[in-house]
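In order of appearance the chains are A, B, C and D, and numbering begins at 1 in each one.
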Amino acid sequence: MMKRRLLLAGVAAGAFAVPFAGTLASAVAQEVVKIGLIATLTGPQASSGRQKVAGARLFMAQNGDTVAGKKIELIIKDDTGVADQTRRIAQELIVNDKVAFLSGFSLTPLALAVAPVITQAKVPAIIMTAGTSVITERSPYFVRASFTLPQQTIPITEWAAKNGIKTAVSLVSDYGPGIDAQDAFKMGLEARGGKVVEQIKAPLANPEFAAFLQRAKDLKPDALFLFVPAPTAGSLMRQVVDRGISQAGIKVIGTGDITDDDQLNGMGDAVIGLTTSHFYSAAHDSPMNKKFVADFKAANNNLRPNFIGVSGYDGMHLMYEALKKTNGNTDGTALVEAMKGMKLESPRGTFSIDPATRDIVQDVYIRKVERKDGELYNIEFDVVKDVKDPTHK
Amino acid sequence: MTTVLETRGLCKKFGGITATDNVTFKLPAGARHALIGPNGAGKTTFVNQLSGVLLPTSGSIFLNGQDVTEWTVRARSRAGLARTFQINQLFADLTPLQSIIIAINERENAARSWFLPFGTRKDLVAEAVELAESLNLGDVLDERVGSLAYGKQRLLEIAIALAAKPTVLLLDEPAAGVPESERDQILNVVAALPASVSLVLIEHDMDLVFRFAKTISVLVNGALFVEGTAEEIAKDPRVRQVYLGEEEISHG
Amino acid sequence: MLTILFDGIAYGMLLFVLSVGLCVTLGLMNFINLAHGAFAMAGGYLTVVMMNWYGISFYWCLPAAFIVSAVLGVVLERTLYSRLYDKTHLDQVLFSIGLIFIATAAVDYVMGASQQIINLPAELNGRFEFLGASIGVYRLFVIIICGLLTVLLQYVIGRTRFGSRLRASVDDRRVARGLGIDVTGIFALTFAVGSGLAGLGGALGASILSMDPTFPLKYMIYFLIVISVGGTTTITGPFFASILLGIADVAGKYFVPSIGGFIIYSIMVLVLIFKPEGLFTRSTRR
Amino acid sequence: MSAVTSENLRPIGTPSEQLVAAARWRWFEFLFWGIAILCGLSMFAPMLGFNVPIIPSKMMLMSEILILGLLALSIDLCLGYAGLVTLGQGAFFGIGAYTAGLLAKHGAGVAPLSDPILGLLAAGLVAGFVGFATSFLVLRGSDLTRLMVTLGVALIVEELVNKLKDITGGSDGLQGVMSSPILGIWEFDLFGKTAFWYTLIVVFVCFWFCRRLVNSSYGYSLRAIKGNALRARAIGVPVNARLIQVYTLAAAIAGIAGGLLAQTTQFASPDMVAFHRSADSLLMVIFGGAGYLYGGLIGSVVFRIMQDFLSNITPQYWLFWVGVVLVLLVLFVRNGIIGLLSAAVSRSKGAGK
C-alpha cells in the first residue's frame, strides 16, 4: 500500500512543471509600460487593498491608459499581508514582468521587505499606504504618495495645545506606525507644554479594547489620543463610545485613521464631534474631490473613498507624471529623479514630493465628525500647510 | 527454586476503593501460574502494577531479586518482564514481521541505529521469522496487522511479548474474545512456551486455567483469597463458593 | 477594579456562548469543527444586514441569528459534516479549514472586506455607576442573556430526557446506540443548537468584537483555548474556563498592558502543563 | 489460505532483503527530484538560445515552495511517523529565520561567521535547542492538548519577537540582512537562481537525512510509538526519550527551513513566526498526505501552485476556490494528494488488467 503511494510522489512532481509554462510570453513588449500594484486583498487588511486598487483603477479610467505614447498595463497581485510574499511578488514582477514601477504596500513591514529588491533592481516603488517614517530611508527608490504618521500626528498636538489639553494618554496598535504615532504625539504635545501620562500599546491583532480603554479612562487625562490601522477603527470607536470616554470629560482625538471614511458612517452619531487630523477627507471641498468621490462611488458599488483610495489614485498620478517627464523612458533612476520635487493637484489638495527625502509634503487638516446630507463626514475646519515629516533629518 | 517475581504487601487505592489489598505473592522460576477471580476482583489492576502502568499506593515489587517498584514500564521490560494485553494493543499499520522485529530491536539495542535500513540485521530478522512461525503467524508475516483475523492478532500479542525474551510473561486473558475454532491454536501456543519463561496467566476461562496452570492464586476484592496447586483450588469449597459458584449462578 | 471584573465576565460569557457548540461537537462526536466560527459570523452578518439594510430592531436579530445559524448548521451537518465522522481528525481539520476559506471569501464577496458596525438601540448604550463600578448597559445585557442561556443549557442537559440521552451519547456512543438512543438525531439537533448559539454569540458580539470576513479564523484560537482549558466532558468546564480567561485577559491588559496580549496564551500553556486534559475534566478513565 | 505458504506469495529474497528493499529509492522519487533539478536547469536554456516550457521566471516561488516543503517535512516527521501533532512549528521556523538573519546582519563581512551554510547550522542548532527545551510539553495529553500547547508556545514566541524590538526589529521585521556569498563563491542574485540551487540542495540533504531516519530501525520504533504508545512502552521502547528526540530534530529542521527563507529573502519578519505559518504548514502536510515524507513536499507544491494560479485569476476571492478544493478533497479522497494519486494509479492498473 505504502509503496504504491510513494510511487505517486513522482507523478505529483510533474505538477512542478506545469504552471510555469504560461508565463513564457513575458518578454519585453516595446509599447507597454507595466506597473505592479501589490495590494493586500485577503485577510484582515483586505479593505485597505480594495481601496487602493479602486483608486488606481479610477485614475486610469479618468485619464486613459496611454502616457507618452506608451500603453500602461496595471498588474494587481495579492500579497495576503505577509512580508515574504510581498517580497517574492515584487521580485517576480521585476524579473518576469519587467515592471517600470512597483506600488501598493499596505503595511510597513511589507514595504520594508522589498527595500533591498528595489535598490538592487533600481525600480521605483510608490508607497500607497504604509506610514512609518523610516521606509523612504531604506531605499533611494521609495517615493511616498500616502502620508507618514508623525506628519499626521503633529498637527493634532498643535490643536490640542491650543484647546487647553494639558495631559493625555495615547493608545496605539503595537507596530511600526503605531509607535511612530505615539512617539510623534508625545514629542509634539510635550514640546507645546503638555504631558503624555501614559503610552498604551495594544496588540495589533486585538479584538477587545475594553481593558485598555478602561485604563486610559481611569487615568483621567484631558485627552485620549488614538491610532489603530483603519480596518480595525470601527470596533475601537464602538468601544470608545461604549466606554463613555467622552462623557467622562476626556477629549478623544487621533489621526484620521480612526474616523476612516470607509467605516465612518457605520460608527453612528456617537462619534459626532470627534476631532482628528488627517490629509484627506471625502468631504474635502474642491471640485476635483467632488468628481473623485462621485466617480469612485459609481465604480465601486457606492463605496466611499478613504485616504488609502486617494493615495492609490495619487500614486498612479505620480507614475503617470513621471513617465510624461521622462518621455516614456522607464529607467528607474530617471523616474525617481522625475518625481523629486513634483507638485500635483489631488482630491486631497496639493501635495509635493520632497526632493531630499522622496517623502510626501502635504496639507494636514483638522477635522470634526459632523452629519452632512444624512451621512457622517470628517468636516475640515483648520489646516496646517505643507507639513513635512518632522522626523526626517 | 528461585523466585523471579515477588510482591510484598502490595496495595492500590483509587479514592476510597481498595483495588489491591495487601497482596504478597511469589512466583518461582519456570512457574505455570494462573491468577483467577471474579469480575472486579482487581486482576488487571494487579497486573498493571506488576508491569509498571500503575504505581502501587504502598508495598513493593521485586523482579529477579531487584526492587522494581519505582521502575518504569520500559525498565521492567528490559529487565525481563513482558506482558500481553487483555484488549489488543498492536501496531495496526505495520505488519506482524515488522512488529516483532521492532520488539527484538529494542531488546538488542538495535533501535538506536538511525542510518541503516530497517531489517538490515539478518540475524534479528531470522529470529523474528522463526518466532512468528512458531506462533502460527508464518502465513501472515506481511499483512497489515489491523486487517488480521482476531485470533491471529491475539497470537501476535504473545509473539511481540516473547520477542523481548522475557524471564516472566504476564498473559492477560490471551483467549478473550477468540472464536471457539481458533481457541485451540492459542492454547497450544501457550502450552508450548519454553520452560525458561515463567508464566502468569490471568484468565476467566476455567477450562484454560485447569489445562494450563500448575498453581493458582484466587483474588477476591483485591485481596489474595487463597493459593495452591490446581488440584487444591479445584477442590476448595470456598473457591467454589466465591468463584465457581458465582459462575454457576450466572450461567444458570 | 469591579469594572474590570465586570468587563471580564462579560467578555468571558460571550466567549462561552460562542464556543460552547464546538465543545459539544468535540465531546459528543469527537469531531474537530474548526469552522465553528463561521456560524458565529453568519449570525453576526445577519444582524448587520437586518439592522443596517432593512432597519429591523436589534432584538429581533438575536432570535433570527440563532435560528438561521441553527438551520445552516443542521443543513451542513446533514449534507457535509455527517460524511466526516468516521474520518481522521486530520481530515476533519482540513475539511473545516476549507469551509472557513469558503465562508471568508463568500462573505467578502457579498459584504466587502470592511469591518461591519452596528448601532445598538439607544437604551442599550450608555453606562451607570453601581457600587463604585462603572457598568456598561450593553455588557450587562450580554451577561444577562448569556447567563440565562447557560442556566437553560445546564437545565436541559442536566434535567431533561434529551439531556440524559445526550450525556449518555457523549459518554459512550456505541453503548448509547445499543440502548436504542437515536445518536444521529441527537447529534444533528445538538449541532444545530451549537451552531445557533454561535450565531447568537456572533449577533451579540457584533458590536464588541469586530465583524469582518476573517472572523472565523481570528476567533478559532480563542474557541480552542476555551475548550482545551475547560475540557470537553462538561458544560461547566468551558463555562468557568471562559470566565477565567475573560477576566484574566481583561485584567491582564488593564494592569500590565505591556504584556497583556499574551497572558491568555500563558495561562493556557500553564494549565495544560499541569492538567493536560483541561482544568475541569472529570478524572480520566483508562 | 493454508495451502498457499507465505513463500509463494512473497517476492524473491530473504525476509531481511525484502525489508531492506522497502527502503530503496524508487523511480518516482528520482522523477520528483529530477523534475526539481530540471526546473533549476531550465534557467540556462535561454542562454543556449532556446526556450523550454519550464522557464526560470518562477525561481523565487519554487524556492519558497521548497522551503515550505521542508517545514512541512519537519511536521510530517512528528505527525506522520511519531504521531505527534504540532501546531507550533512556525515558532522554530521563525527562530531559525531570526538566527540566520541576525548572523547574516551582524556577521556581514566577518568571513566564516557570515557564511550562509554556517548560518543554517546555527539556525538549526538554536531552533533545535528551543525545541528540546519545550519538548517536555508535548509528552502528555491528547491530540488537542498537544495542538494547543504547541500553538501556545508559538504564540508566545511570536509575542516575544514583537517585544524584543532591539534585537528583532519588532513588527517591522529584521532589516539589513545581507546574505554573503555561499562559501564565499556564489552570490545571491535578483533572479533567485543561486537561491534556488542552494535551497534545493539543502532541502534535499535534509530530506535524504529524514528518509534514512524513517526507514531505519529507529524510524520503525517511531512508527511503533505512533501505532500504540502503550504497547511500545511494554516492549521496552523509550517512548518519551524518542518523542523528545524527534521533536527536537523536527524543530531543528524547521529552524533550517526558516534560516533558508531568511537568507534567500534577506530579511526576517514576525510573519515567519506567526500562527498562520504553523497552520499553513500543517495544512500542507495533511493536504499532501501525512506519513510519506513526500506528503509535505507535494502538499506545498500543489497548494502553492494552486494558490498562485488562482490568485492570478481572482486576486480577491482565490481563497474561496482553495476552500472548495480542500472540502472536495476530504470528501472524496483519503490521505490527501498522495491518496488521490494512488487511487488514480491503482484504478488505471486495475483497468489495464
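Heads up, the rule we're going with is that a contact is a pair of C-beta atoms (placed from the backbone, for glycine too) under 8 Å apart; a residue touches a chain by one contact, two chains touch by 3 or more.
What you are looking at is a predicted structure, and each value in this text was computed from that prediction instead of being measured.
Please identify each chain that touches chain A as well as chain C.
Correct list: D.
With a step meaning a move to a chain it touches, how many steps does the shortest path from chain A to chain B take?
Steps on the shortest route: 2.
For the interfaces C-D and A-D, which has the higher count of C-beta pairs in contact?
So, comparing the two chain pairs, more contacts are at A-D.
With centres defined as the mean of C-alpha atoms, identify the chain lying farthest from chain A.
The most remote chain is B.
Name the most central chain, where centre means the mean of Cα atoms.
D
Between chain C and chain D, tell me the centre distance in angstrom, where each centre is the average of that chain's C-alpha atoms.
Between these chains, centre-to-centre, one finds 34 Å.
What whole-Å value do you get for the distance between chain A and chain D if each is reduced to the mean of its CA atoms?
Their C-alpha centroids are separated by 35 Å.
Based only on mean CA positions, could you tell me how far chain B sits from chain D in angstrom?
Centre separation, chain B to chain D: 42 Å.
Rounded to a whole Å, what is the gap between the Cα centroids of chain B and chain C?
Going by mean C-alpha positions, chain B sits 47 Å from chain C.
Indicate the residues of chain D shared as contacts by at least two other chains.
22, 159, 316, 318-319 - these are the residues of chain D that touch more than one other chain.
Hunt down the residues of chain A that sit against at least two other chains at once, touch-wise.
In chain A, residues 41-42, 46, 50, 174, 203 touch at least two other chains, as defined above.
Which positions in chain B are in touch with at least two other chains?
Not one residue of chain B touches more than one other chain, so the list is empty.
Touching pairs of chains, which are they?
Pairwise, the chains that meet the contact rule are A-C, A-D, B-D, C-D.
Would you tell me which residues of chain B are touching chain D in their complex?
Interface residues on the chain B side: 51, 53, 72-74, 77-78, 82-83, 85, 89-94, 97-99, 101-103, 105-107, 110-122, 125-126, 128-129, 138-142, 160-161, 163-164.
For the complex, which residues does chain D have touching chain B?
1-2, 4-6, 9-10, 14-16, 18-20, 22-23, 212-213, 215-221, 223-224, 226-228, 230-231, 233-239
What part of chain A is in contact with chain D in the complex they form?
For chain A paired with chain D, touching residues are 2-21, 23-24, 26, 39, 41-42, 46, 50, 76-78, 82-84, 87-88, 91-92, 94-96, 108-109, 112-113, 115-117, 120-121, 132, 134, 138, 174-176, 179, 203-204.
Which residues, counting only chain D, touch chain C once they are in their complex?
Touching chain C: residues 79, 85, 137, 140-145, 147-149, 151-153, 155-156, 159, 163, 275, 279, 282-283, 286-287, 290, 316-320, 322-327, 329-331, 334, 336 of chain D.
Chain C touches which residues of chain A in the complex?
41-44, 46-47, 49-50, 174, 200-203, 205-208, 210-212, 214-215, 231-235, 238-239, 241-244, 247, 262-263, 266-268, 270, 301, 303
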